[in-house]
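Only one structure is covered here, and it is reproduced in the block below.
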Amino acid sequence: MLSFLAELKGPIVNGLLLGGLYGIIGIGMSMIFGIVRLVNLAHGDLVILASYLSLVTMVYFHTSPLITLILIIPAMCVIGFFLQYYLLNRVLAKGMNPPLLVAFGLSIILQNILLLVFTPDARALVTSISVKTIPVGGFLNLPVVYLVDFIGSITTIVLLSRFFSRTYLGKAIRAASDDEGAAQLMGINTKTIYAIAMALASGTAAVAGVLVGMTFTFYPHTGPEYLIIAFGVVIVGGLGSLLGTFFGGLILGLAQLLGAHFLGPGFQLLSGYIILLIVLTFKPTGLFAKG
Amino acid sequence: MPDILSTQNLTKTFGNLTAVDNLTFRVKEGEILGMMGPNGAGKTTVFNLITGVYKPSRGQVIYKTTDVTHFSASHRCRLGIGRTYQIPRPFENMTVFENLLVGAEYGADLKGKPARLEAAEILDFTGLLPKKDLFAGKLPLLDRKRLELARALATKPTLLLIDEVAAGLTEAEVENLLDIVKAIRQKGVTIIWVEHILMMLNRGVDRLLVINGGKWLMCGDPKECMESKEVQEVYLGAEEE
Amino acid sequence: MHGIERSSGGLSRGGGRIVAGALLRVEKIDVFYHDFHALWEVSIAVEEGLVVSIIGANGAGKSTLLNTIAGVLKPSTGVIEFFGKRMNGLMPYQTVSEGISMVPEGRRMFPRLTVLENLEVGCYIPRARKRKNEVLQRIYHLFPILGERKNQFSSTLSGGEQQMLAIGRALMCEPKLILFDEISLGLAPLVIKNIYQTVRQINSEGKITALLVEQDIQRSLKAAHKVYIMQSGRIRLQGIPKELSQEDIRKAYFGL
Amino acid sequence: MNLLRSGRLYGFVLVVLALISLPYWATRYWVLVILLFSINLALSQMWNLLAGYSGLISLGQQAFIGLGGYALAVFSLYYGLPIWLSIIIGGTISVLFALLISAPIFRMRSVYFAIGTWTVAETLRILFSNWKYVGYGMGLFVKPAYALSFNTIYYSALGVGIASVALVYFLLRSKLGLGLMAIRDEETASETLGVDIFRCKLNCFLISAGVTGAVSGVLYLHNIFIQPYSAFGIDWTVRLVFITIIGGIGTIEGPIIGSFVYVFLQQWLSDYPSVSLLILGIIAIGVILIAPKGIMGTIQEKLGFEFLSPRRK
């Protein structure tokens, strides 16, 4: 019995750390879903776009991927702002499906641009910490990157939550998410607010992209894989709470690694999908959603 | 006259708001029952409960002798409960004729030629025949209101719920619709009618049901109701502080 | 009170005469929802310092009128002027900067924001942010309960408290004109009385002009310096409350 | 009008005759183009039936494409069943699978439905790539199809293409079609007019799944090789979405025009597949922004005339 539990320590700890990474992947999608009421099917591709941008910057400046964030975050924010302001805002009023389909089209466009520019080869943001591990308790080797992912994710979420609770802009974004019409009556230009929200979400995608790139290999077509993970995080974690999203990430990460542990590595993604389908069926508003 | 519809302690709550509160009333076969009440009185919610768009939180809806409380909206329609919507909801990308066919084929369960004949007859009756091949989304407001009535009639209802046909129209247009409603009644259809233009209710209905805040206020002769102290108070406010 | 003396001479029954020097001037506007003709040549004038009330049954077009003034809806014809400046076509977030604030029907709290955050969002426009603390103190003075509950989520407030918060939130931007849409809807009589007292207080002490929409005729007549009665999207009657007969009001209200 | 109608009829007959006789006068290249066109047409017509007529935005059509393809491979290869029977079994399995997932999937609405269907397809993809019986991720060769002549495959593709158009045409003129169009336009109103929404949508979902599964069998007669990562890949649905949006969602002619555009771009840029997808994506977004009814929908609106009208008089 004890040895059985000891055996589980590895997948549990790794699953939680991986879950932190999933949390940061999902957070941008969750924000946009909650604030703009748009399911951004291109979110996974924005993450991968950031990975590639980081790769280019890293090679050009001969620096570490984490340093490239100084450039990548603002760049992704600008991209997100313009996408929302000039493209997505224009279809929001047309009902639920057109924005979904535009985002879908955007996703395919991004993938194919990446494919044209970077070829279908696998890439990775390789650094000195990529292969390092820390031994824990003599029986567990923690990959350092996983630790970096987890810390990066928590840091981003703390910063975001401070922004949302302490600044006028943050409160205005939350107000617009609660009631767009009433927010306009407070003098808030909600169209601009939406663009700013998308800029922020793309900023988190930048962080996610760099962390993903440091942890796994990526291809131009990897985006949808992370999209489904992001959607899983949103669904499991529920809308409207940063903490809920983070927990959603942890649950998904745990489920994946435990699934892989018991069923074999081929089933790592599968157990995540099954959790997603179960939650979608029984509580589509998310486990941590109120009401 | 037997009751065609009755409700027993009908209650609907949304969160902590009670939209319809313990409402019990009866509709006699063949009559026009007017329903009025100020903003938020719960009239449309009552309609949604009778037609099955909402399920009540408590209470029952009895149609003829059947308890239909747990029947779906489409089932109730097929049993003979038809309705119109306050804001017309035509099938915009279908022709006027097809709009009626939906009612005839699904609601009245007709097939083929009988369905088409029924639809054509009602188009003629409501004056929409010349526009039968136009897309419903292209109709002006008056015609869309007519279409609401026509489409509901195509389901061959024995009980028709009319939700505000008069709003947004000129007075001549209102008269036109009033005539159609009266003609529907001539066909033997029982009607529950919600209207804000009270003059219309005054002229067209047999009995008036007044509700306020989701509660039963009074029911009876329209003139007496309108002049009663309770109704005046609800609308005009109490005189004393 | 000065305002009434000045304007009373210019009021006339039924017609759409515009009084010179009005703070808000709405002239012959028509409003459509698609092809639903909601307002028909509606004209009103609101003089500075007054409480003006619009009465009518539901569906009469009162809320449509307020929403058009606030910029939520656009008139297809006609003019809306505020301080002599043309307001047609401004978005709601722009009319706020011009000095018009609205307490919307149904209160429309931001439920996932605290009471204090709701108020802070009320002074989102740059001009108002600078004076936030001062105005906040005044609102806490007006509604002490909001001060006591400032850290609660607004969704936990009672209906009356939410209405107070909605009014407080609309005052945060220090408007010149405040629009009240059905503020008594769904509230207990005692609460309504309190709310109306505050409306008068805001008007007399705060020197804020108020335009309010109400279903309850008696309440409106009591609170207002001037009333308009609407029915079927048209102004049917206007005047000073004391000068209007009960019978005329009843007829205009029901469209008899 | 009568002249127009009979003219239209002759036009159809001529086009169909031309397509049937194509292998006898056109080059193999053009036969191949029409073959691809027909299969894309049939598949996108089924997506259109879901999205355009019952408002179900499915991103999981690849589930049925994969199931249909694998059914063909497994039953013809492992059990030696006739190819055509295997294709029909593929369609049947798709219907059964659709029925199985309909209970949970119909609890999900709009975007949830979209992601739900996609996740179901992804789940199948992983299951198949971990399933020894179907050769894991290595895939299977549909060897029995080697025996078929190119013309046979062409005619079966052409057959499913034309059949899909005819099916949607007659379906829309049926009671089910009437109900679906009503639901698409106004869900609540249709319900209070007696339309059983769940049943209509379910029937539509099952038909779409079954036909997609069967058409996929024909597709894999041509492709010969099936492998889970491509068979259950989102790329299929991407194509169907673009084809339908560009051509005109909710019109019968839309997928026809859309498939033309798609196959044309694909052939023209055959050396740069990513460029053609890029262009398609841009056109699709442009269409949603500028002419949301697509090429055919916009033409119909301008001319007030439908070539293949589901209208009943």
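First chain written, first letter: the chains are A, B, C and D, and each begins at residue 1.
Convention: a residue touches a chain if its C-beta (ideal position, glycine included) is under 8 Å from a C-beta of that chain, and two chains touch if they have at least 3 such contacts.
None of these values were measured; they are calculated from a predicted model.
S.K.: If you walk touching chains, what's the least steps from chain B to chain C?
M.R.: Minimum number of steps from chain B to chain C: 1.
S.K.: Strictly by the touch rule at the top, which chains does chain A share as contacts with chain B?
M.R.: Common contact partners of chain A and chain B, which must touch each of the two, are C, D.
S.K.: Suppose each chain is reduced to the average of its Cα coordinates; what separation in Å results between chain C and chain D?
M.R.: 55
S.K.: How many Å are there between the centre of chain B and the centre of chain D, using C-alpha atoms for each centre?
M.R.: Roughly 42 Å separates the two chain centres.
S.K.: Per the centroid of Cα atoms for each chain, what is the distance between chain A and chain C, given in Å?
M.R.: Averaging C-alpha atoms per chain gives centres 44 Å apart.
S.K.: Starting from the mean Cα coordinates of chain A and chain D, work out the distance between those two points in Å.
M.R.: Roughly 32 Å, centre to centre.
S.K.: By the touch rule stated above, which residues of chain B touch at least two different other chains?
M.R.: Touching at least two other chains: none.
S.K.: Where in chain D do residues touch at least two different other chains?
M.R.: none
S.K.: Could you list the positions in chain A whose residues touch two or more of the other chains?
M.R.: Not one residue of chain A touches more than one other chain, so the list is empty.
S.K.: By the document's touch definition, which label belongs to this structure's chain graph: line, ring, star, complete, or other?
M.R.: ring
S.K.: Hey, which chains are touching each other here?
M.R.: The set of touching chain pairs is A-C, A-D, B-C, B-D.
S.K.: Spell out the part of chain D that touches chain B in their complex, as residue ranges.
M.R.: That would be residues 175, 178-179, 181-182, 184-186, 188-197, 250, 311-313 of chain D.
S.K.: Can you list the residues on chain A that touch chain D in the complex?
M.R.: Touching chain D: residues 39, 87, 90-91, 94, 96-98, 100-102, 104-106, 108-109, 111-113, 115-116, 224, 228, 231, 235, 264, 266-267, 269-270, 273-274, 276-277, 280-281, 284 of chain A.
S.K.: For the complex, give me every residue of chain A touching chain C.
M.R.: Residues 168, 171-172, 174-175, 177-179, 181-190, 240.
S.K.: Which of the residues in chain C end up touching chain B in this complex?
M.R.: Answer in residue numbers: 35-38, 57-60, 182, 185-186, 215-220, 232-233, 249-250, 253-256.
S.K.: For the complex, give me every residue of chain D touching chain A.
M.R.: 51, 55, 57, 59, 104, 107-112, 114-116, 118-120, 122-123, 126-127, 129-130, 234, 238, 241-242, 245, 272, 274-275, 277-278, 280-282, 284-285, 288-289, 292
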